[in-house]
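Each of the two complexes below includes chain A, the first together with chain B, the second together with chain C.
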Partner chain A sequence: MSYSVSVKKMNEILKELQKDYKVYAPKRFEKRGRYSDTDLIRYAEISMVEEIVYDEKADFSPKEVIYPITQTLFYFTEHEYKESKVHDKGILIFARPCDINGIKRLDTIFLENGDQEDIYYKRLREKVKFILMECKEGWDTCFCVSMGSNQTDNYSLAVRFAENNLLVEVKDEAFNNLFANEKTTDFTPEFVTSNQVTVKIPEIDNKEILKKVHDLDMWESYNSRCGNCGACTSACITCSCFTTSDVIYSENGRAGERRRVWASCLHEDFTEMAGGHSFRNTPGERMRFRTLHKVYDFKARFGEEQMCVGCGRCTDRCPQLISFATTINRLSEEVNKLKNKKVSQVQAASKEVE
Partner chain B sequence: MSKNLLLPKPHEILEIIRETEIEYTFRVEADLKVEHGQFFQISLPKIGEAPISVSAMGDNWLEFTIRKVGKVTNEIFNLRPGDKLFMRGPYGTSFPIDKYKDKDLVVIAGGTGVSPVRSTLKHFYQNPDDINSLYFIAGFKDKKSILFEEDLENFKTKFNTIYTLDNEQVEGFEVGFVTEHIKKIPFDTFEDYNVIIVGPPAMMHFAALECLKNGVPEEKIWVSFERKMSCAVGKCGHCKIDETYVCLEGPVFNYTKAKELLD
Partner chain C sequence: MNHDINIKELQKNCFRQSKVPGEFMLQMRVPGGVIEARHLSLVQHIADTWGNGQFHLGMRQTFSLPGIKYENIEAVNEYIKSYIEDIEVELCDVDMDVNDKGYPTIGARNIMACIGNSHCIKANIDTTTLARKLEKLIFPSDYHIKMSVAGCPNDCAKAQFNDFGIIGIAKMEYDYDRCICCKKCVETCAHHATGVLSVEKGKIVKDTCCCVGCGECATVCPTGAWTRNPKKFYRVIIGGRSGKQYPRMGKMFLNWVTEDVVLGVIGNWQEFSAEILNHKPVYLHGGHLIDRAGYDKFKEMILKGVELNPEAEVADKIYWAETEYRANIHVKPACNTK
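== the complex of A and B ==
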């Protein structure tokens, strides 16, 4: 059932919801943006509709709500580990289709990869219900349609924001009573059907091509461009890597915690082992690693979907103006060239036999 | 709530054996089922965690041979028998010793690479009838980096051994890299056999090439990879090579798979 709800009424509903839920949405942080005088839009708890930035793209994804940048795993005293705890409320997240689909990729890593679930992820994730923010147009760096992540039915509520009211589809019966007295409408959310940017996914269908992709010259061009800052990976809804480390609280060193912190495969020390040996030593090699994870090997491993959801945030955040869509398309072209070369070699060879 | 996969448990250190100046073997009390070649995440509260291979196992105990290289390992070297090591595991794949049974086995190990194959070697030392023959090539940098001296002596009595030092002349040791001695293995007299290669990345690479040159088929070669690891359970991403997670599908790989793992 769908309803037309005034902003005032929606604020009352939010207030009611906050008894049981923490509500997160993209929120404006003034003058905290990348350039002086720009604002930063990122996910934070909200209590009123007016706080929700629905008409701009958030600079950061909602992943930090369920997968914080820094997360305590255990507290310890001298001789024991004690598990950290989380709040006992539910979580509601106002999210666009790309991000809801992105969280599905995080689920795959944290809940499906390996033979055990990651409880630190699960204990927050299982509290989450999504409030879909209708996204009909997208922005100039989005390519969700190419990635098939422009649509979703994984939401409890869906909203369309208008000047003085909101249209709300209530899919989750648990929320029916909150809207019982509101005017019904026939609203269902629409999804963006084309983006300004499109990408072609490279068709790497065997290990021979993959080996050649590793050796492509195109990666070297990133050696002078990418600055290893990791801004792209921290903005990404699907980047899930972390490093665990221990922290001591006090000088006497009796108490402390084990925590995990987001890690970036673009950083130089991501693969560094004892003795200083690393495996991907140039920005180009690391860019290849990240690109292939996003548009080749996540799918090769899990079978269903590419990791990248085309939110375009990595492109938006890169200080070197590296466009990820351009990188993907360039790779596709190179893969096509490799394949055509092979076909023409085979043809030439069979001609010789004739 | 489901099992907490990152929570370590304390295990008492029973004995510490000094192998070299920078490598000690820690025997800890543990009643856990472990397969040959698997590893644990060893940690100390407030310091951190490190993946370490099981270098030997027995009733109620496990051994870890640890090289002192940094934060966690330095601190572990300050411990004494009676102190506790925190552990979670075992993790990873193992050497398929059932496949090696009743065949010939060649083990080529370099430096600390001897650690992860030591329990396999000990298994066949204790069960010599399980194997046709065992050829063991072990290489160390120099005299002061020789590990497991007592084992090396014992192995001589039941295995065909070639011990070598990179560039030092010492009684009982050849001179040169392990790769230089591979041609001495009589591969053509074996009916069915397997080859295990473990050591630093470059050593494994060249030893494998040398084996192939000597006619060893790829599928008979087994290697053990080392990668940076933070979680050991397929979540942190550090050990990933394309679609393969070394902590889950490794560290032990058949060479047919290992050769496709390009960094």
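== the complex of A and C ==
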């Protein structure tokens, strides 16, 4: 059932919901952007509809709600330890289809990769219900349609923001009573059907091509462009790498905590081993790893879908103006060239035999 | 040609004497160095009609039009009336009556500024808007003052070489939980600034005392752990100058002050100058004027009625470091007749 709800009423409903849920949405942090007098939009707890930034893309993804940047796993003292706690409320997240699909990728990594579930992820993730923010057009860096992540039915509520009211589809019966007195309407969310950018996924279907992709010249062009800052991976809804370390409290060398903090495959020390050896030593090599991870590795391992959902935040946030969509398309072209070369070689060889 | 021209009077109207007798160069003010490009057609018209067809991008960001003959100055002054109205009155809200006699004074020189945060990724402040506010305070005053506004401590605007150099700085704030210890801020701070950041237990610690407030840490931070406090802060450098005798870079007078403090200080400049110069607006570098008054007297007068914000820092003393073009240049005969 769908309803037309005034902003005032929706705020009352939010207030009611906050008894049982923490509600997260993209929120504006004025003048906290990378450059002077620019704003930062990122996920944070909200209590009013007016706080939700629905008409701009958030700089950061909602992954930080369920996978915090810094997360204490447990505390230890001498021979004892105590697991960290999380709040006892549910979590409601206002999210776009790409992000809801992105969190599905995170679920695969944290819950279905090997036979061990990540309990620190799971304990927050299982609290989550999504409120879909209808996204009909997207922005110039989006390529969700190419990645097949422009639609979802994984939501409890869906909203369309209008001037003075919201149209709300209630899919989860648990929320029915909150809207019982509201005017019904026939709203169902629409989805983006085409983006300004189209991305062609490279068809890497054998090890031989993969090996050649590894050695492509195109990666070297990023050596002078990419600054290895990791803004792309921090903004990415599907990047999930972290570093775990023990922090010993200085006042007492026998007490401390184990925590995990996001890591980035773009950082120089990401592959550094004891003794100083690193597997990927140049920005180009790190760009190659990231690109293939997003549009090859994940699917090769889990079979269903590419990791990248085409939210385009990596492009939006890159201070060196590297477009990920362009990078993927470049790679596709290179892969096509490799394949054509191979075909012509085979043809030439068969001619010789004749 | 038999010239009888009062050069000083013309200079007051911003016409500079040429080596060619009877020719002058008009210096048109562009406070903050930014105006709408449409004004260029007016500049071109003056150059083509009365000048020698060229214009110089003045060292203090003026439009400088050389080759204007004395007999055409009246016509030029009439013609620039609309420009003075547009720039000074409309844009900078300067309190003045604009007539067809051209610029009323050259005393307070054009306020220079870098492009600032309307464009630059490094800038911390809107230099253009500040320059226009300052113009209202110093123009049209016969008392000499040279000012420049820099968007960040990189100081492309050469605030260090002006009577007053105003530099935009930012109080940087660190969100411990958002930091992923990529060390980009540590590297950039050491490379571009004062190296006040270091790693401790997987997070960043800062030696706050020596932070210059440049904002580099925020521009490189991938997660938005470093952000600028939205409140704008300024550093004020005084007494910088070039010159043939003993040029010197300016010294820090105020640090972490708000715009209100900057405007208050500059608002006091004319009264300070008048007092020290016995109410005769003669040409004297601001640095010399401060020297003549003595720093303590300068400080007392220039901060009169100015309410300093809680974060503000004020120089207790200032020790200048001059480039003396000859040794002991300040040692002069005691019975100098002049």
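Here, the second predicted complex is superposed on the first by the 352 of 354 C-alpha atoms of A that agree within 3 Å, B and C clash if a C-alpha of one lies under 4 Å from a C-alpha of the other, contacts with A are read in each partner's own complex, and residues count from 1 in each chain.
Here, a residue touches a chain if its C-beta (ideal position, glycine included) is under 8 Å from a C-beta of that chain, and two chains touch if they have at least 3 such contacts.
Just so it is clear, the model here is predicted, and its values are computed rather than measured.
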Which of chain B and chain C A:216 touches, first, second, both or neither: neither
First, second, both or neither for A:297, with chain B first and chain C second: first
Greater chain A contact set [chain C / chain B]: B
Partner chain(s) touched by A:262 [first = chain B, second = chain C, both, neither]: second
First (chain B), second (chain C), both or neither touched by A:319: second
Contacts of A:69 with chain B and chain C, given as first, second, both or neither: second
Partner chain(s) touched by A:1 [first = chain B, second = chain C, both, neither]: neither
First (chain B), second (chain C), both or neither touched by A:60: second
First (chain B), second (chain C), both or neither touched by A:229: second
Partner chain in contact with A:31 - chain B first, chain C second, else both or neither: second
Contact residues common to both interfaces of chain A (with chain B and with chain C): 245, 247-248, 263
Contacting residues of chain C [partner chain A, same complex]: 117, 121, 123-126, 151, 168, 170, 176-182, 184, 201-202, 215, 218-224, 227-228, 230
Complex contacts: residues of chain A adjacent to chain B: 73-74, 76-81, 83, 109-110, 113-114, 116-123, 207, 210-211, 214, 240-248, 253, 256, 258, 260, 263, 265, 270-275, 277, 279-280, 285, 292-293, 296-298, 300-301
Touching residues on chain A, where the partner in the complex is chain C: 29-37, 40, 42, 59-60, 68-70, 227, 229-231, 233-234, 245, 247-248, 259, 261-264, 267, 317, 319
Chain A partner contacts - residues on chain B that touch it in the complex: 1-8, 10, 43, 45-49, 67, 69-70, 73, 84, 86, 201, 226-228, 230-231, 233-238, 240, 242-243, 245, 247-248, 260, 262-263
